[in-house]
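Next up: some structures, all given as structure tokens.
Here chain A shows up in two complexes: once beside chain B, once beside chain C.
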Partner chain A sequence: MRGFHFFRKKSDARLRNQDYYRIPRFAFVWLLASVVSVILPHVARLPLWLTGMCALCITGRILVYQGRMSYPGKQIKAILVLTMAALMVLQFGRDVFSTDSMVGVLLVGITLKLLEMHRKRDVLMVLYLCYFTIIAEFIYSQSIPIAIYMTISILVISSAMISLNQTPEHQSVRRTLRLAGLILLQSAPLMMAFFLLFPRISPLWSVPVQSNSSVTGLSETMSPGDIGDLARSGEVAFRVQFNGEMPPFNELYWRGLTLDNFNGREWRRGIDRDRPQRLSADRQEEMGWFREIEYTGRRYAYNIILEPTFQNWIFTLQMPSILDERMRMRRDFQVETFRRVTQRFSYDATSYLEFAADTDQRAIPRRSFSFIPGDSNPRALEFAQELRAQHDSTESFANAVLEHFREEEFFYTLSPPLLGDAPVDEFLFETREGFCEHFASSFTYLMRAAGIPSRVVTGYQGGEVNPYDGTLTVRQYDAHAWSEIWIQDRGWVRVDPTAAVAPDRINRGTDSVLQEDNNFLSDEVFSLIRLRNSLFLNDLRLRLEMIDYAWNRFVLNYDQESQFRFFSNLFGEVTRTKIIMVLLGFLALVVAFVAFTVFRQPAYSKAPPATRLYRKFCAYMASQGFPRNIGETPMDYLQRMSEVNPQWTAPMKEITQIYNELAFVNTEADPEQIRYLEHKVRKFRLLN
Partner chain B sequence: MQSKVDETVAEIGKVVLGKDKQIRLALCCLFAGGHLLMEDKPGMGKTTLSQALARTFGLQYSRIQFTSDLLPADIIGVSIYDQSTSSFTFHKGPLFKNLILADEINRTTPKTQSALLEAMEEGRVSVDGTTYALPHPFFVIATQNPVSFSGTYPLPESQLDRFLMRLTIGYPHPQAERELLINTDQRANLEFINQCLSGEDVIEVQKKIAKVKATDTLLDYVQRLVAYTRQDDKFSFGLSPRGAQALMRSARTWALMHDRQHVLPEDVKTVLPAVADHRLRSVSDTSGRSGESWSQRLLNEVDVV
Partner chain C sequence: MGIDAGSGYRVWYQNLLDAWQQRFSGWVLRKIPPARNIVLGHENIFIIPNRQGVGFVFLLVLMFIGAVNYEASLGFALVFLLLGMFVLSIFYTYRNLSGLHVTATPGSSVFAGEKAEVTVILNRHGKRIYENIRVSFPGSREVATDLVTEKEQRISVFVPAKKRGYFSPGRLRIETTFPFGLSQAWSLMDLKFRCLVYPQPVECDLDWLLNSHQQSGNTNIVRGNDDFYGLRSYVAGDSLKHVAWKVLARGQGMYTKEYSSNRDDKAWLRWDMFPDLDTEQRLSRLCWCVLQLDAAGIDYGLELPGIVLQPSRGPVHYDKALRELALFGLPA
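And then the complex of A and B:
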């Protein structure tokens, strides 16, 4: 009762049994390890049935190897392929050409190929496919752990290739791994050179992935509770490296969105009146409103590596003065990119903390910035108007409102009660518990109620300084909302009502305030960041983050532009020809090195001078059409030549005898005799 | 030296006609202190040559015909209980001679083969816990039929390696064969072979071998040859260091036999087939029968200088 009826017992007529290549057992294990290591990282993303099919194919292959099952026949194979294709279409539907499905096709291909590995060529093909597929993982993640995993995986695949060509006595895991590692190491310089020099074609890597996946981050609108949700997450939003000094902590306002449209509950972005502007270093060249911003005080330059947000707006320290050409600033000071940020995005910016913008009353449309829906929050409206009547200046009114927040019993908390249809009223007069967006929203509403142009700004505030590399890491829980009010002659002024209620939030960061809150970091169950109270673990985390930052900055961030910079540092002006020359030159270097190692003669055959002279003589004879045969001794050669070409016998005999003497009789070479041989060879070449 | 060798060759040539080169190689092997294996089809003169060799050396020799029922005790000797002394006395077997002619060695069982081969390697035998030294010099000239012949137990590689040389004699030249046919009883001539050499001669030659010079250029050539057998796909395994040593020793002896104090590549080329053929096996050869073509190929593909 052995064997499956499912698979045909009779072997393929074309391929007789002896034609099958029997993979060495050792190599077979390596091969399976390679295939599994390739599939493993994708398992979480792939549909369950696909993983199941892969497992089934691998099991089938093992059974075939053990001889408990024969190779599947043509019909079975056809059925398998059709089933897979149908399942693919069913699973992915319209997305059948998405990255996920393509990776799925590759994996299915590899595992199905396992079932028809008849020849050595097939085994090699599976391994090449493994090499190819392992790269697919880079589309999804480019983190250090993945890179390490892939290196190990490549090591395993290479070991599989090596083990295919090993004799049984060489089959040890350590030996094979060591050889594979050695080969990988040898290829490292080549890899480095390609990394640095190979032309980077950006569209190739812009594979659309995760287009509809949910990413934690600020959204385009703000309603009560939105930002509080972000505090559950410890994910990195972006990392900043300052060129030089860092601004004081409580001034780290990373501006994101400007929200100026209020519907009574939710804040939205307004409509743009003016075209977004470039912010180049040479301000004189710029036209329009940007020239009217006055910068004063200290200038801060920094680089930001932004994690993918799938939005087209990015964060800058207020107020940016120089941005590179991939970015524009909108009239409301929101900075945008042309394309959505779907992968890590690195940009340089320069900002001033002190500035004056839109000081002229004509610059802003007063009415839209002080619009509130008439019937939305009546009690707050009334309160604002009463309070406004007691103060003559905008500033003193704003201060009075802040004073109100500070004096009355308002609480800064991550888990405020839910608010109904009139959130501002409910918050101000009933619940009095809220997160930054409650305060920013209410404050702005009160300002507008009193007729003061104002708006809400969302972004991040603060961050965590890594003592090891001086970078500032801004996380999702640093998300923040604040207000901006417009004051005659001063322009837009930032007012942060949260600072009035919870000054620690601004001065020391979110974690110092919310440490005890149950909802804080509730999404990060297993993350190291939860364990920040342990000194050792926190230190470890900071070090890991430093490495990660370096990886992001110097490896992942190495794009066309950095390549150009690197290139021009090395070779001056970058031209197409020069790039090609350098690449070709490098290639020539590699080829030369390989050629050198291949053709280099083993050390013991470094010929002594007499032998070299004799070889020269033989080469001359060969050029005359009388080559010495391989393996022919000098004496035999002389013998043969004297029959073919008697007139050469005498001089050749002389040369051969001297050479024989030098090479085989004397252990110590006599320089005199060598010179004599040289003379004879030269003479021979001249005379004959 | 050369004159002595020529004389010996002429003497042996009386019974083995037209096989000068094989005779010289056999002499070379014995001078080098190695054991000789002669492999050829039956009736090619293996036994005649080995007997002639024994006679010219004037050594005590015994001829052992190996058969499938021969036991180790038959060649080494047995301890027999002596009633007069009430103890066991060891009766030495035919092995305790300077020269052993082991006829058709591959017709006996591996057990007996190894008894002989142990003696060859160690130069002594152990019986019942007592070790008996074999006389010095001690040579074995073994003959065997080609492996494919029926009723043979092929010698494994490890034992083949113990023989310094393996010679094949080959069909005689037509002229020699004619002479062979004219004479009615060639074998009877064995009786008239004179002793040309002595055991002391052999020991003396062996002392001189070490003094024969081999230059770097020559050693390079030898190493290239050896490396070729190890690297090339055609061979399933290469020459062992012992094989390389055997090659050099034979080449030195060959040089000495021609009154030279230095080794020429010609010497190496001459002795190589005899020394290397039984130590090499081609990849395509599964029967363990290696042909002469392999070492010839080696010589044709490795350059001398």
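And then the complex of A and C:
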């Protein structure tokens, strides 16, 4: 501040500081509203004691304001801070520097600062922190409702800023709010331009996002019951937009993990010694095994927006052929990213439904793909070996197993009985009720028991097509598991045993099969998705999802690449100077526009008619080379002009006198006199 | 404000600021010539983001880093929205001064060491409203005002008058940080008016002075008004202390009581009465004497080098005497 108060003596600065700053009543209310509005969306995530602490501080501040309590002394403040620090360490332990705890510190910091507002600076500090807290909320959620809520929050904080700069006498809530709204509205175009064009930088350092709420989604391993649990959730896993035609519904197998290590109960990922492979369009750097994949049939290009999984593997349709440089494909066709997906992740990919991979027997370590722990499920082992003896080809054996699933009394259900130590045996010969993971696991086990290389693949199957924008939404309840078996000369072939038991699951989707199941969507008590049976509500839901998709795709996933595309579409080749020029140009445009709106009503527009006439007269004189000086009184001007040209004295004197009379003495304008003045001015111009 | 980075640095910084201030002051003087009334506009408003504004930009940088690191698209949007708000606020702050008519009138005369009242008059035309305009003179407190419903605001600013003579309160500083307090618009203007400041009264032994320094021709001067002489009709300007209240209360009209001592006696206040003192000290004491004699209702004359006021009394005489004391020895 020092630097800008050039003309204020130090002594008055001190005088002002000694004044005890009492925040104006309106500003105080605005301030509390700001603080509460930024804390509120965090409450669900915060530990209870933290919310309590915030509430305590806010209540304390209100009591101080009302004069029922004095500002807490140093000791109380020290106790508060220490208590908070201790609770923080207790709560977060090793994760005390995690994002969650940092947000907690920020919120408590704001409310504690409320108890220490002695100067205007402190109030401003709180408001700045409020703005900052909004960013903290965006780390967790950037949905449309949150965006709307935060817009209101920004409006409130900005109003608080304004009311802090208003005098205590003249304050009206409406005027403050309207001004804040107007300014924010006027900055919106600028925001849009910068949002679209300002170069996006990749993160400076990686920040771990930890959230108390556990994420629903596929896990790294598969044991009986895992995927069934997912059917309780209607959360979105990812959304797909096809670039062109969509594959048939029953071919929508979204490949996730390849699990080839079985311990008798649980399927895990195996150890992969080959380096992951980049899939680029030009096929230059590809290694041998990838070159040998033969793609046939139709090619599908699509964009996926994946919800955060906090894993580094992602989903692709069947066999991908082109991926961007952020992803690699492993030897087992599992696709990985370099960083864990902690934010919504948008990626483009190209896939084929028909392919032949690893056709050569040497390409796969046969032994490891057909390994089963010898004593884990003896009955199944025996059953497989007997059945295998009756069939000569791998294909016919596999079909016989599928036939077995179809013919015997196997049930597809979300709530199967629990399985014990030999799950495959129990499932195949006793319970015979299960979900996709039971079928996939048992099928793969039987294959391996017969010496056929095979593995389990988990991912999603199907999805819901939104008729309004053609996107496919894949939800957690679409989670699925199937098998891959290796056949000489054909390579890896997908076999889905669930399709044998519940063909509707594959052809029409999970919800068509599980509608009646009690466990299905049991987590979504209040979700619109439960109301799919009401035609109207379902329609509404699909429309909302369409908006949500557009929001995700075009706003939240607007990244370097989309920016590049957008810019080159508009302005051709992208160069740094060009970006800067465009940004500056836009800035100038907006500023000019605002300057125009701000100054549209010139301060003089409603000047009294006499003043306007006199100004007109002065303008005429200026055009004759004798402008009225800034601040020169009309009488001084008259004096000076009569010295310049005595002829002017008489008419000018009359004009000046009438003007003085009308402007300063008799301000209630008399139309007659104004007309007279007008006449005089005109006459003067004509005669001189 | 909060920086205590060694006194050496501060001295250096202060010197730099002072030098800057001087240059700027000269420049402002040339840019805004003195005038009786001034309309604020682009030629006389200065605007610059202030400390809070710099803080706000710093906040935006932090938020930007947050948005980059967490790859939060809406974070970018928020930062850019606030950036736009910051840029626009500069215009709004400017607008909060522009178009305002400013003029000022001095209040009544004061004695040196007191605070002179200056009434600053702000006028607005048109629909535009002005909020939280702060007005100050060098050494005065800031006074804040609004022009929302009213077309004109009169603000009393009290400026310490340190020296006798014609006093010009210096440049009127009119500033605002409305709406967000992120930038500051201000103007400095010399409104070309002055008010008279009398010397600071300093007490002295009036009786002794009058007795020992009276010259021939006026003998028998006794301070006091003990001997009642008679009543005469009240003349405007007579001291209220000498109004015959009892007579007035009886409804017989307003009379002034006359006393023997002040009827004939004339006090001469002379420059030579304080041989050991310098000019200012003499003037201060003479001023005090004038106040005392005026209160006592005694005729007094004033004799300064080159100036003689014949003995008289009443407000006109009182003003004249104080005026001579205030302006004595000063260039016209």
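Convention: the second predicted complex is superposed on the first by the 510 of 688 C-alpha atoms of A that agree within 3 Å, B and C clash if a C-alpha of one lies under 4 Å from a C-alpha of the other, contacts with A are read in each partner's own complex, and residues count from 1 in each chain.
Quick note on the criterion: a contact is a pair of C-beta atoms (placed from the backbone, for glycine too) under 8 Å apart; a residue touches a chain by one contact, two chains touch by 3 or more.
These numbers come from a predicted model, not from an experiment.
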* Check whether A:75 is in contact with chain B, with chain C, with both or with neither, and answer first, second, both or neither. => neither
* Identify the partner contact of A:184: answer first if only chain B is touched, second if only chain C is, both if each is, neither if none is. => second
* Does chain B (first) or chain C (second) touch A:577, or do both, or does neither? -> neither
* Asked: Given the touch rule stated above, what does A:630 touch, chain B (first), chain C (second), both, or neither?
  -> both
* Which of the two partners, first being chain B and second being chain C, lies in contact with A:139: first, second, both, or neither? -> second
* Asked: When the two structures are laid over each other on chain A, which of chain B and chain C touches more residues of chain A?
  -> C
* Asked: Looking at the overlay, does A:128 come into contact with chain B only (first), chain C only (second), both, or neither?
  -> second
* To do: Examine A:569 and indicate which partner it touches, taking first as chain B and second as chain C; both and neither are also allowed.
  => neither
* Shared contact residues on chain A for chain B and chain C? -> 602, 604-605, 607-608, 629-633
* Interface residues, chain B side, partner chain A - complex -> 213, 215-220, 223-224, 227, 262-266, 269, 299-305
* chain C residues within the chain A interface of the complex -> 1, 17, 20-21, 24-25, 32-39, 41, 43-44, 48, 50-52, 55-56, 59, 62-63, 65-78, 80-85, 87-89, 91-92, 95, 98-100, 124-128, 131-132, 136, 138-142, 144-146, 148, 171, 173, 177-181, 184, 188, 192
* To do: Over in the complex, which chain A residues touch chain C? Could you list them?
  => 1-4, 6-9, 11-12, 15-16, 121, 124, 128, 131-132, 134-136, 138-139, 142, 147, 150, 154, 158, 161-162, 164-167, 169-170, 179-180, 183-184, 186-191, 194-195, 198, 200-207, 209, 343, 555-559, 587, 590-591, 594-595, 598-599, 601-608, 629-633
* Asked: Quick one: in the complex, what on chain A touches chain B?
  -> 602, 604-605, 607-608, 610-611, 614-615, 618, 629-636, 660, 663-667
